[in-house]
């Protein structure tokens, strides 16, 4: 059973701010969804390989050949905040 | 016939003037979109007419496909102001084919939903009944095509997001085989499930559009390097000897009787035209939805981690606490930028991947995915295609399921397995319910057997009139 | 209390590819901020990675050089964590199926330090901290990084230092990385714990970061040994944490802000397909691997009769060892070449702050100079001056000798005349010599050398003087 504490921990991992009441609502909703997902425990999967790629393709790579980068003006056009052609963020406190 | 009502193949055949066409569609949008709310924004019309197989054909683009220097937001507040500095591969292909990029269409935020209600810009309305949802998440694209606001449209399908709205809006929606169409430039939801596909007025247009967008892309490691056939060559009215599988797990309680009847009528028509059908079993069908909600949300939780206010999009200034450092900025931006359903899915996915739960949820889901895929492999040993309803019901009312996420998730029950197995599927109109809502027929085939889908869909379509019906707006 | 130190090292090196790990942007250093970026390495929505084949080859090459097992099936995983220099807020890395595992490095004591794994991942961008904000440059984002993790087999800071030195040398020999800590192309973190002598179980470890030289690694480890030992002796418990080395104050400081547990939520990267590594692919790469430093040293000792010391010094610099081999092809007495390389040539290298390749000194010219000394055309002393002139001008030894008239004079008539003058002018020394003081003769030889302006062959002068004073 997922607890409020679990939800708070996950919110922290996911970097999403929540109000107290939202945490409570999410605990309930996620609890219901997880209970439904618990259905998967009915199956014996001990001898089953996982499928992370649905198609049997492998060994896809590119040669080490230079491609044009974006012009720096194009890059900086998307920036929320910038300074000296760099993305500006609130100070990182280490 | 009005210009905005034409299909792409009619436009091409009649050599319709592209300038007049664009104008007609813009006028149509001004006339009806106040009510439908399918269009988020027009693409600038540069007045040029590109050459190619789709020369001048106006096409609507779901708001999660990157168009260079054009606002692309996934209908999310968190992508406020984001104009990608590059084109998605499908957009490049459309430009090269001479298509006219018409507009961006509404969607559930980040494609999280089955009703297009989870949009930061508000819900889209079903053109057949404005009180109802158009389906989702590509509801804007489906509604735009159904209401003749776009000749054709691109959507994306992670668990049914093209087929289910196509079914609700009475248009043709195709989810190609995973790897058939490049995902480069499609803002990812569930990377191992997502595919871009066409939403069109008829099957012929679907084949035309797939011809343009399909193919290997060296920028997408998961796109497959197999030749692209000319799909219009599969537009043949012939199903003699075709073996159809009817999965018994898809015709159980909860399915609307009118939907069931319409689908059976379609099966019987195909039989009359020379096809054979038999009951088959896809025994793990009931596990598809829970499997999907683990796989898709886990991938989504990671895919959406990049929306944090550092580079682009929304950086929250209005927060409870003052943003003195970066960590606060993350929390505040993501709190303000994501809607409820997005948060719910990010939370579920984060939980499923978190320490101690990986094996119980994510790994287990990947294993069940193997079983679901095997069901299809097994089935396609004895049948050429599988026919099911696209959705258990017709379009539901706006607001009907928003408070109950689980019942919303279950509306994708017939489309989700397809994505888990990576196979192609198409939804075509197969009738109307008493309340005049369209019903969709879903046809599924083996990986890379889109030609089989087109053949069956075309034969059915050419022997019926459903696709010619128009909503009254 | 006696403690045993247990150290494991985690080394990250930049692979020398032209382009980044998952996109075609350049890996060149020192370019303008964000000028080498694209949707992929900026982590823009919709972008997708495609693996650089060369990065995979270099990783396998390294694995082979470290005697690792190259795993024939590999995949990439996402490591999820938030940091502004990490544009997707996940790093493409490898979790449970790294490219290679189970290698080792041998120390001079003969001890084997096992390598647990080596895997390929992408680097993050660079953060520059200003007074009230931070700036992000993504040029480094997506550069291919090789992570090499040792087993906790290292028991002292000295062993750690030697492990790192040997590792770096191997990586430089096989040409996969510059291994330049100043440029950040090699970074090293250390895990260290203490346990009571004889204990089987490992103690609580701390992770040390921010060491920017091998010397700093050694110092940080030594500091940490003392700190942990003192704590244990006081009956305190060691707290598992990450500590930064402060090179100024020479202490390690806990990173308390990182209180959050590491929960990286690894899962298979859905945007990259798996790779199966065929044997012939591995064999191809194997062919690219040159003789490794330790094998080379052994060969120098065995085949070229170098001393163990000389051999080990020469191989420390691959270019110098290559140069040495070039010379040895032209000249028999390898020991003599090594003396010149480690002596006069090395001083030139040091004083000019250049590498052997950058000096204008062709192997055949150095050998030419050595042969002039052998032929006694010039003295050893004069040869060193000639070497300087050769490097200045790029000319051969013989050219400089004839240009400047530096050839030794061995002509007995000429030298006899100068010897007579010296005997005449230094009667005291002559007497001393006759009285049996051998040193006095050396003085007289010196006088003759002076008169000849250094060109006299001292051996010949000695013989002439001895003859005259009999």
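For reference, chains read A, B and C in written order, and residue numbers begin at 1 within each chain.
As a working rule, contacts are C-beta pairs under 8 Å (C-beta built on N, C-alpha and C of every residue); 3 or more make two chains touch, one makes a residue touch a chain.
Since the structure is predicted, the reported quantities are computational estimates derived from the model, not experimental observations.
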item: Chain at the geometric heart of the assembly (C-alpha centres); value: A
item: Chain pair with more C-beta contacts, A-B versus A-C; value: A-B
item: Chain B and chain C, separation of their C-alpha mean positions in angstrom; value: 57
item: Computed distance of Cα centres, chain C from chain A, in Å; value: 41
item: Rounded Å distance, chain A centre to chain B centre (Cα mean); value: 22
item: Junction residues of chain B - those touching two or more other chains; value: 82, 84-86, 192, 218, 221-222, 301, 305, 308, 310-312, 326, 330, 350, 354
item: Numbers and ranges of chain C residues touching at least 2 other chains; value: 39, 42, 44, 50-51, 82, 84, 134, 136, 263, 265, 267, 270, 272-273
item: In chain A, residues with contacts to at least two other chains; value: 13, 15, 52-53, 57, 60-62, 70, 75, 78, 87, 89-93
item: Complex contacts: residues of chain A adjacent to chain B; value: 2, 6-7, 9-11, 13-18, 26, 29-30, 32-34, 36-41, 43, 45, 48-55, 57, 60-62, 70, 74-75, 77-81, 87, 89-93
item: Complex interface listing, chain B residues touching chain A; value: 82-86, 178-179, 192, 218, 221-222, 224, 284, 286-287, 289-291, 293-294, 301, 305, 308-315, 319-320, 323-332, 334-335, 338, 343-344, 346-348, 350-351, 354, 361, 363-371, 373, 405-406, 409, 420-422, 447
item: Footprint of chain A on chain C - complex, ascending; value: 17-19, 23-26, 32-39, 42, 44, 50-56, 75, 82, 84, 127-130, 132-138, 255, 257, 260, 263, 265, 267-268, 270, 272-276
item: For the chain B and chain C complex, residues of the former touching the latter; value: 65-66, 72, 74, 79, 82, 84-86, 88, 183-188, 190-192, 218-222, 298-299, 301-302, 305-308, 310-312, 326, 330, 350, 353-355, 358, 362
item: Complex contact set, residues of chain A against chain C; value: 12-13, 15, 52-53, 57-70, 72, 75-76, 78, 83-94
